[in-house]
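The following pair of complexes shares a single chain, chain A, combined with chain B in the former and chain C in the latter.
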Partner chain A sequence: MNKSILKSAFGILLLVGLLLIPRYVESPYALHMMILLFLSVAQGQSWNILGGYAGQHSVGHAAYFGVGAYTTMMLMHSKNIVPWVGVWAGVAAVIVVALIIGSICFRLRGPYFVLASIAVAEIMRLSAINLTTLTNGAEGILATELPAFKIGATVVTDFVTKVPFYYIGLFLVLLTIGVTYWVQHSKLGYFFQAIREDQDAAHSLGINIALYKNIALVISAVLTSLAGSFYGIYVGFVDPPTVLGLDVSVQIMLICIIGGMGTLWGPVLGSLILVPLSEALRSNMVTDLLVKIGLVNAESKIGIFLKENLSHAHVLLYGILVVLVILFMPDGLMGFVKKLALRRKREAV
Partner chain B sequence: MAILEIKNVSKFFGGLAANSDVSFDVHEGTIMGLIGPNGAGKTTLFNCITGYYPPSKGEVIFNGRKLNGLDPDKVCMLGMVRTWQKVRPLAKLSVVDNVMVGALARTGSLKVAREMAMEQIKVVRMEHRTNFLAGGLPIGERKKLEVARALATQPKILLLDEVMGGLNPAESEEIIQLILDIKQRGLTQMVIEHDMKAIMRISDRIVVLTSGEKLTEGSPQEVVSNPDVISAYLGEPHA
Partner chain C sequence: MAVFLQSLISGILIGGVYALIGIGLTLIFGVMRVINFAHGDILMVGMYLTYMIFTLLGIDPFVSVLITFPLMFLFGGFLQKVFINRVLDALAQNQILLTIGLGLIMSNTVMLIFTSDYKILSTSYSSATIKVGGGVSVSTPLLISFLITAAITAALYWFLLKTDTGQAIRATAQDRDAAQLMGINVKRMSIIAFGLGSALAGTAGALISPTYYIFPQVGSVFTLKAFVITVLGGMGSVVGATLGGVLIGITESMSAVYISSGWKDVVVFVLFLLVLLFKPSGLMGKSRT
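Our next item is the complex of A and B:
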């Protein structure tokens, strides 16, 4: 059997499955989890283009996520502009922000670029807190009701259930994977990776470093902004820490570090691990499970301690996971899988 | 005809003159050897020519065009490309992908770039390594990869910075043949080398640098019989 046919058949099957899920799954919780997963994949893929392929490890992607989310929400809140128009205003705003950031920060290399990217995101967060007339400051912007999405007079969807969000999320995933695939299979991908591997060598081979770094940043920032806008309208609330905080940037980056930077499926794998893990830890699922299988008595001191503290410990466990991945799988899960496949191939010969 | 003219080039780092007042011409289709003791300013001169440093004084004229201050990528697009003394493979890319990066300077199509890359891989005789990761190659093959990648940018002049450094005699011989092959194809080359035997064989003319200054210039025979060159390399004879 031809391997590539098998692969595309599997892909189509998976896609059809994902498209059909909302028809058969009614639990809003399950759909919510899927939407979080989609959001995470989209965020990871967006970062991957700049961080994974072009090797510019931005720890300030919250800036683009937040600007996208805020622009859409602000326009909806104060000017009654529908979000599917506001999204594009967000994209335009993010392109401007990205080009300003790029022209300043890309003069720096390595750790200095990382620091500059954090600083820029913090500037955005502090601006959002202090420009109260625009952003409503620390209170954030609440938009409980979304207008129905109409084409002409027909209502396409009214956003009452989670189903429309599910499909928007799935679309974002396909879009970001598609863009990444396109980058990987074009001149851009080669130039980005050359810059990542050795900037001076790339420069000597005719690659305009500043130009291609900025192209990578703009692609990455636009996709991140779309994810941000989607987050805003899905949750219906944005405030500075949830969309512009440092932990948003770190979360976006972790998806790629754990899944595998500079690979097409790394962010998908990373999301498949991180999203369920953080949800399980946050929701006391682990403690409940331990109680259920009888390992821990819910009434005992340990049981009470776990119940009270484990849900706050997800950040700690994240940290441990990152350390383990960096120690044992420096190329992320995807790199680890590739290495195993290579070893199997070699042993088979 | 001079394809490359170096006119009174100086490069200062603070008070240190890494190059001072260096002038010479490189003629089309020839190989210019650049020699000198360690610290003579050979690599600095390469960096000044290819746009990594702007020269503090003087002019670099390539094909009648002044290059001073032009970025390395623009210099490459004009047809001048260099290799690195300390090799710089794109470690996580395969050999063919490395060379394709060079070829993509001239074409937007991956398919064409791949064909161009395979052509250069053949020139350096590394077909059996096409799909190996560049980071895993031994030093001799990394050096050849540098040359193939540079050739893929379709240069008019190739600047080789110690391509034979760290190689065993058999590998060096292979590189010498490669350089002569490239000359056969009409490409101008400028070569920094420490191996005197090698540089004597390949060069049409040689420039000797010492302490950042041009000591002398001439045919290989003229240069090695020049007493100043001998003393620069071996020190003053004790009377």
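Our next item is the complex of A and C:
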């Protein structure tokens, strides 16, 4: 009882803190980092519902991310449709795509499902490259001018600073965590987990496998699409490799793998590790640190080499992290921590 | 008609190399039931190895296959012994993720060393062609690589069918536990299978290096192609992968000519989905259990 009160008090405090940050923090860079973090959490949570809870490990989530981002951006760019309307067009498009994908891919299991999900995402990417009249092909769509958001005649925000994006991102995080919590504690979620644990047993208990897999997919895809639209609007640019590439799918999945699949806080933990680490590499912080410690001379060949190349290497870090996590903590960090806690409890008894 | 024949022939020629990639993947899957998502990246390592040997030692890429093959065999054996071996009994998704991770490490390490610039390995015959007659001509490097591929595939069939080790590998693929009971060292067979698979992928990389751009991310295209080929042929079937490779080669070159080169990969993936839907066991595969 006490514990749950403590937990909710902590949650409320954290939320209030997050809501207040833009009031006191003015640095656009800090806000940018927070927005990236929010985006990552939202992506991870979305994947988690299909991959973590329903156990369908899609390696093609870039399809939903990209379709959401592209639809919103295309409508804004060529039809001047405001993004907060375009987002819902994106959601509608993604639902159609997800149902098509679901009806094809869910007939397949295990590795076959993974391969099919990749193939579908690749078809989307190649289509975006080739349908030049719609998507502007490999050049991508650039649309940085956002119209002001008005309710009636009052301007709510004009999107000049990063603050509105911060709140949209935070809203996405709350939404995805909320949906995940609801899935975890509803009958629907139990169906998902039953399918994950043993598909045949779930089937024999009368669970309509195809239906519930598709429901999990649609929920997951819609949330991913929202994240995609948010990304498009925030960055102001989409092109096939950055929103539809295989890397995007892998990255989305990684957030959950590293944090812990099928747990509420796994994607949060995963994002808290991945985002700062890759940012530290990207912005050359690691090289600067090595120079500061005196490990590497900035003028030496190695120093210059690191400075020039380490910033591109954040994906290398993803690779190393995945290998380490799979080999040494296959249930992700959350699973690892839980195991440690369990062991300690046992030792205490 | 000349156009049709032309695209058919170049499809078969490139299909030979695809077959080599597919056989490697199917061999690994057959013996270990692991889908190797790093297959294309292993191929990419083979390409860079060939490039290095060519620029540093001046050895022709088709000759350097003799060096690349054993080196890539050792590399694959190392990967199996250190990484893959630990997840043989793990969940399928963990195996997939591990190989994805290994692939990311390979492509990004190569990127750190060589930067992401496109490298071109140009030989005196890179753009040479041989006229066959009837308005049909064949690219010289493609023809040579096809001949080498055919020789390697023949040798591989001989190895798998006639030698003791080859039979032991096939026995392991059929039933791992039974093979072990019969006194076959299945761990060693796994290492040999992964080594062979990597050597085949690396060789394929060497063979296409005179005609392809060489860059660190080239692997993912080939990983996907390798899957399409093996699924089309039937996971685990070497004959199927050979057929699948040639079929995909022909499909690609035909759709490049008759649809458009931008859409040829889409055609391949759609074909892939259709196979998954209507005949998931593939052309040569037995039904899944």
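By our rule, the second predicted complex is superposed on the first by the 348 of 349 C-alpha atoms of A that agree within 3 Å, B and C clash if a C-alpha of one lies under 4 Å from a C-alpha of the other, contacts with A are read in each partner's own complex, and residues count from 1 in each chain.
In this text, a residue touches a chain if its C-beta (ideal position, glycine included) is under 8 Å from a C-beta of that chain, and two chains touch if they have at least 3 such contacts.
Just so it is clear, the structure is predicted and the values come from calculations on it, not from any experiment.
In the superposition on chain A, A:194 contacts chain B only, with no contact to chain C. Contacts of A:186 after superposition on the shared chain: chain B is touched, whereas chain C is not.
When the two complexes are overlaid on their common chain A, residue A:295 makes contact with neither chain B nor chain C. By the document's definition of touching, neither partner reaches A:96: not chain B, not chain C. Shared-chain residue A:313: touches chain C; no touch with chain B.
After overlaying the two complexes on the shared chain, residue contacts for A:206 are found with chain B alone; chain C is out of touch.
Number of chain A residues touched is higher for C, counting chain B against chain C. When both complexes are aligned on chain A by C-alpha atoms, no chain A residue touches chain B in the first and chain C in the second.
Interface residues of chain A, counted against chain B in their complex, comprise 185-187, 190-191, 193-194, 197-198, 200-209, 262.
Across the complex, chain A meets chain C through its residues 57, 59, 104, 107-108, 110-112, 114-116, 118-120, 122-123, 126-127, 129-130, 246, 250, 253, 257, 309-310, 312-313, 315-316, 318-323, 326-327, 330. Against chain A, in their complex, chain B makes its touches with residues 50, 52, 71-73, 76-77, 81-82, 84, 88-93, 97, 100-102, 104-105, 108, 110, 113, 149-150, 153.
Chain contact summary for the complex, chain C toward chain A: residues 35, 83, 86-87, 90-94, 96-98, 100-105, 107-109, 111-112, 115-116, 220, 224, 227-228, 231, 260, 262-263, 265-266, 269-270, 272-273, 276-277, 280.
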